[in-house]
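Per-chain numbering from 1; labels A, B, C, D, E and F assigned in written order.
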Amino acid sequence: MSSTLPGAVSSVDSIRLALRSWPEVDDYLNDCKGIILPIGSTEQHGPTGAIGTDALTAEAVALEVGQRTGVLVTPTQAFGMAEHHLGFSGTMSLQPATLLSVLHDLILSLARHGFERVFVINGHGGNIATAKAAFTQAYSSAASRGLAAAPKLRCKLANWFMAGPVFREARDLYGDQEGQHATPSEIALTLHVEPSLISKQRPLDPPAPAGPIHGPEDFRRRHPDGRMGSDPYLAQPQHGASLLDTAAAALSEDLANFLSAS
Amino acid sequence: MSSTLPGAVSSVDSIRLALRSWPEVDDYLNDCKGIILPIGSTEQHGPTGAIGTDALTAEAVALEVGQRTGVLVTPTQAFGMAEHHLGFSGTMSLQPATLLSVLHDLILSLARHGFERVFVINGHGGNIATAKAAFTQAYSSAASRGLAAAPKLRCKLANWFMAGPVFREARDLYGDQEGQHATPSEIALTLHVEPSLISKQRPLDPPAPAGPIHGPEDFRRRHPDGRMGSDPYLAQPQHGASLLDTAAAALSEDLANFLSAS
Amino acid sequence: MSSTLPGAVSSVDSIRLALRSWPEVDDYLNDCKGIILPIGSTEQHGPTGAIGTDALTAEAVALEVGQRTGVLVTPTQAFGMAEHHLGFSGTMSLQPATLLSVLHDLILSLARHGFERVFVINGHGGNIATAKAAFTQAYSSAASRGLAAAPKLRCKLANWFMAGPVFREARDLYGDQEGQHATPSEIALTLHVEPSLISKQRPLDPPAPAGPIHGPEDFRRRHPDGRMGSDPYLAQPQHGASLLDTAAAALSEDLANFLSAS
Amino acid sequence: MSSTLPGAVSSVDSIRLALRSWPEVDDYLNDCKGIILPIGSTEQHGPTGAIGTDALTAEAVALEVGQRTGVLVTPTQAFGMAEHHLGFSGTMSLQPATLLSVLHDLILSLARHGFERVFVINGHGGNIATAKAAFTQAYSSAASRGLAAAPKLRCKLANWFMAGPVFREARDLYGDQEGQHATPSEIALTLHVEPSLISKQRPLDPPAPAGPIHGPEDFRRRHPDGRMGSDPYLAQPQHGASLLDTAAAALSEDLANFLSAS
Amino acid sequence: MSSTLPGAVSSVDSIRLALRSWPEVDDYLNDCKGIILPIGSTEQHGPTGAIGTDALTAEAVALEVGQRTGVLVTPTQAFGMAEHHLGFSGTMSLQPATLLSVLHDLILSLARHGFERVFVINGHGGNIATAKAAFTQAYSSAASRGLAAAPKLRCKLANWFMAGPVFREARDLYGDQEGQHATPSEIALTLHVEPSLISKQRPLDPPAPAGPIHGPEDFRRRHPDGRMGSDPYLAQPQHGASLLDTAAAALSEDLANFLSAS
Amino acid sequence: MSSTLPGAVSSVDSIRLALRSWPEVDDYLNDCKGIILPIGSTEQHGPTGAIGTDALTAEAVALEVGQRTGVLVTPTQAFGMAEHHLGFSGTMSLQPATLLSVLHDLILSLARHGFERVFVINGHGGNIATAKAAFTQAYSSAASRGLAAAPKLRCKLANWFMAGPVFREARDLYGDQEGQHATPSEIALTLHVEPSLISKQRPLDPPAPAGPIHGPEDFRRRHPDGRMGSDPYLAQPQHGASLLDTAAAALSEDLANFLSAS
């Protein structure tokens, strides 16, 4: 069964699963089998960026998409796979096998209730591989356990920062200085949603160039301040507001297609 | 080495790890080796309670304790072990083995950076057993991996709702109608921090009595609306404000003792 | 379905699962769906206490409860979670994840045969967290595998040393010198069931005080001879006989309630 | 370093690790780095055999070998890998992956204390494969964790019922009616150590022939009463006494060679 | 330390690790720290394609790259993550967690010997996510175990079918009929290396269009004959020869860059 | 249901699963429920033997058995459990728990398609224990998942080098110099199937004697050049041809019995 979008809501509170009761979720499932699951990471984002950047941005985009579409948004899984950033203080990482189990268990929980389409809004590139592996494991377990929703269960990974319009807007704003980690686009989004971060902004030396990602020691050797080719000082809060709007528009469309697809 | 508390801060933002940069965490570690890790759960809380109750309350208490003591607060692990609530829509549960791995990995990440005292503020009874098992596994791994912080690593589980003063205040307010799940005290705290929830409050039929907790089918059979002996309609936002104050005071003292203990 | 107790038996042999044949177990299941599973630990118990204390005591109590109630007693799982005692020679510990799997597998085996109530008599505090986590995992697996007994499966952890009457008797006998590890009450019970241990008793220096339990190095540093605030020299075999009687009476009542509960 | 046998002891109590204190184990390690670990199984043994046969026999042989050699004997791991017997009531089985973890953890615990030679006396054919896999995993972990004993750590599996002299004596006593499961030789040993079992003996119909072992349903279909080609009615307690003596002699010699081997 | 390529060899036998002896590998490591590890999959490839396509092609490309560069090629891991193809007979799949462990263990084995650069030539899109997760887990374990090669260990995933020149050549040859599974380009390569497959080629009905990949039931429903938008009848052996040459040229260059990168 | 052999085929290609399409496998399953799965190892084989010996030989035997019987042969799992050989360069080992999962997943895949008899032709002694453990785990999972083939699923391990006629022929050819690792018989088989290996043959010093196998350091200390009592210089290609014939004849008969057994 495919679902249509419930439709925009006026208050973000009404689409936060955390603020719903179980009978309200039962009612919701009568109309829509889709749900949004935001996942981020808690890891270094350069000398001035917030450690929570990837979770803050995923959550902000997810809530905005939820508000525009009426699709429920679960709490954010704030910790992701950030092993390569463990050389910098404050990074908190789940090993790939752990994150795989986390996403597996969460998807299975949702499938048990009858959710058939899980739209995972992700804020961290390091989660992509493991999330995809987790989807496959979840499909297998749902079938093994004989869940009624198993044949219809589908998960989709939506990396907000890789959406076409977001990517283009970031390139227009920052050109090559967008870089690949601690990018001005993600930093801008955090400045918009957490204004206390603005005071942290300051000019920085040129960054180390982006390069391949291996273990934490290698990462820190290549990228001594944690940045990969980016100049986060270019970020401004109003950029963040615009990027959030762009991301939410693009992902809302993706979500609509995901829910309506046969 | 034992640590003393950094001291109260005026803004909650300054103790949120999510809003710190990695050099700021390095600086922090020069003065204090302690950190607060809030864990909750995403599970049914009766016909009127918010599914996010346990994460909302753990996070609120953790941030208040952080603000009063100056100790950093990590993002909240919003999903916990809630297998027995899976019979109710919206519950999202990690299996015990998964939660064990999550806490293990997070503690190991912190220990790698030199944190020696991890104060886990917990909002959900179902997490207690697994969290304690995870602490042991973390001590073993830290030693196996030869981490410098291994011999000094200590974790402590602080269940805010079981703190003596909180327990007494809840009994004073609600007597026997406090119950054991979807309790008016935790609901009151959510009404205080998420006022949109107030509109959900309504009188309810007498609850099923509290009883032992086994599998999800058994739980739902015993407790058809999800409550265990509680009357959450008694909850009022101002109770929540007071309970938050009481919990924060009690746990701040516990934290001070934990950090200063040899 | 709830069960009543089969009733006291004259010989302990008749309730030892190890001495039954499979057709006898089939017959038993026609009348009673309950079974007792003793778990202990193999770990240091101070300079004079037996390394097998926790398994010896759990087994002794379990057999006595079995004899008084007629409920079958499985062999004892002699190894438990004792990671924090690994700093002392002779300690043999299962990691939490391993013990979780052990109890999970044993409970699933029993549920497959139609046992619905598993009463775990435990002799070691360090097993409590993991055992509770294992119960939850077992309920989930029983349901996933579609076992007929799954909806009725219930496990209960009975820590003999924490039973109210036992606790009070130990306090009456030893006061503050009961302590928390290598306690005179558990040592007394071992002197009663293994008289060769009596010769090991000797006066000891005052013990290190009880304190929090972290990793093995920290434990040994805090408790150089393995005791936590206890004076096991106070233990006498006749105390052990009395404590065994008290524990068996208390747990037999708990078991009766557990089996008859709906 | 190779070890010589400590030498025969007059009382079995003195070689039971369960009855030793940790300082006594420290002393023991000054002279001998070897230890005996008995493992059994809790599984059906035909219509008249005891479910605990494999643990009872492994323990009896281990204690006898310990008494003759002075080598310490740990408590018995009473539960083994008995998945194929799960079609018969009372069987309690650990999955292969679980038993692998159990033996791994126990061996690592011993290696940590400085034990270098672990002699595993086994009473159940179904444990053999998993035990060998566990030894390999233990060697790897001991090296990964950098244990001092790692380079010298050796484990040896001693299946008492497969020792040459035992095998020959069983054939002499029972010929083809020894069979392969619920054999008269193992039953005889249980009649010797647990005389209450003698009353269970009765003539039985001819058994199903021994055959390959697959899953539990297949096993029960092939062997409807649980026996594989055996006539346990031939067993007599005095046979058990003799077989125990034969097994203990053979394994004591194996153990001496194992400890003295460079 | 970076390595340069050993240089082309005349016989493929000389770069097959399977045909080397251990002293030859020791010699090799004096000059080059790089190695090629081919991974494939064993899964349906439409009504006419070979089930071994992904392993056959990965191995062919790997051996050709090895011959051109002189870099050693390990045996092929012929089984990969193909859960979504399990609805078609003959598919043999490793679960994501299993494949993760396989690659982890193989990389750790290589790192132990001093290999620092592992170039994984992959023939199956479904392996990508899990392989990347495995690399991260391998970096972490190498560091945890204190391997000398740990700080320098790097793995790179080279999907031959996604290399730019291969992609362009396939589009030139087949246009939109390349599709996404059972593509004519991969089939052509198998016709080249296994001529017996040519007889299987026959015209097919238009394929189901490519679409998202979820569980096996969903996959078969969407793609009833296993193809995703492809017309493998267009494949010809001489195409395969050319594509192999193109792939080997592109990946040899990638490998040279990988080995020489600092 | 038991199966009869499909019968000899003229071309090896026709029994390689890798070269079949899924509809061909469907057809095959109408007639035969049996399949051959070759597993080897990638590990040192003395100073002159090929690292791939165990996979090369298992594959050669499997294909010959397949050709003679018409039973399908899957691709070879080239990596096995070789932890004890990790002290020699080029060895690539799966940990026991990993190999257990690999074989489990592959057998489950086959059972899902309706294969009921999996004949595992093995070239490496180190795989035996883990393979047997994996079979048991597979039977349990097949039943837990409710696969239709579960009650009939049977796996059999066929170690070609331990088949009676092979063993006798090797002893006739090489006497005591057959040894236990890097044996002339297995080397001869590789010389037959990979003639480039002949040039590696050279006289060697007397080998270290065979002995027990423990960890990798211990193995290398006991067996400095990797051999265990063997003189591989005695191997000749024509021996290999004969041994292959002998092995194939013996295993073809075993396979026929395995398939026809009720």
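Everything that follows uses one rule, which is that a contact is a pair of C-beta atoms (placed from the backbone, for glycine too) under 8 Å apart; a residue touches a chain by one contact, two chains touch by 3 or more.
It should be emphasised that the depicted structure is a prediction, and the values quoted were computed from it without experimental measurement.
Using CA-based centroids throughout, the chain positioned farthest away from chain F is B.
Although chain A and chain B share one sequence, what matters here is the overlap of their interface residues, and that overlap exceeds half of the numbers used. Separation between the centroids of chain D and chain E, computed from CA atoms only, is 46 Å. With centres taken as mean Cα positions, chain E sits 53 Å from chain C. Mean C-alpha position of chain C lies 24 Å from that of chain D.
Along chain D, residues 95, 97, 144, 146 each make contact with two or more other chains.
The residues of chain A lying in touch with chain E in their complex are 81, 83-84, 95-97, 100, 126, 128-137, 139-140, 142-143, 150-156, 212, 214-218, 261.
Those residues of chain B lying in contact with chain A across their complex are 11, 13, 16-26, 29, 42, 44-52, 55-56, 74-79, 86, 88-95, 97-98, 101-102, 104-106, 109-110, 112-114, 194, 196-197, 200, 226.
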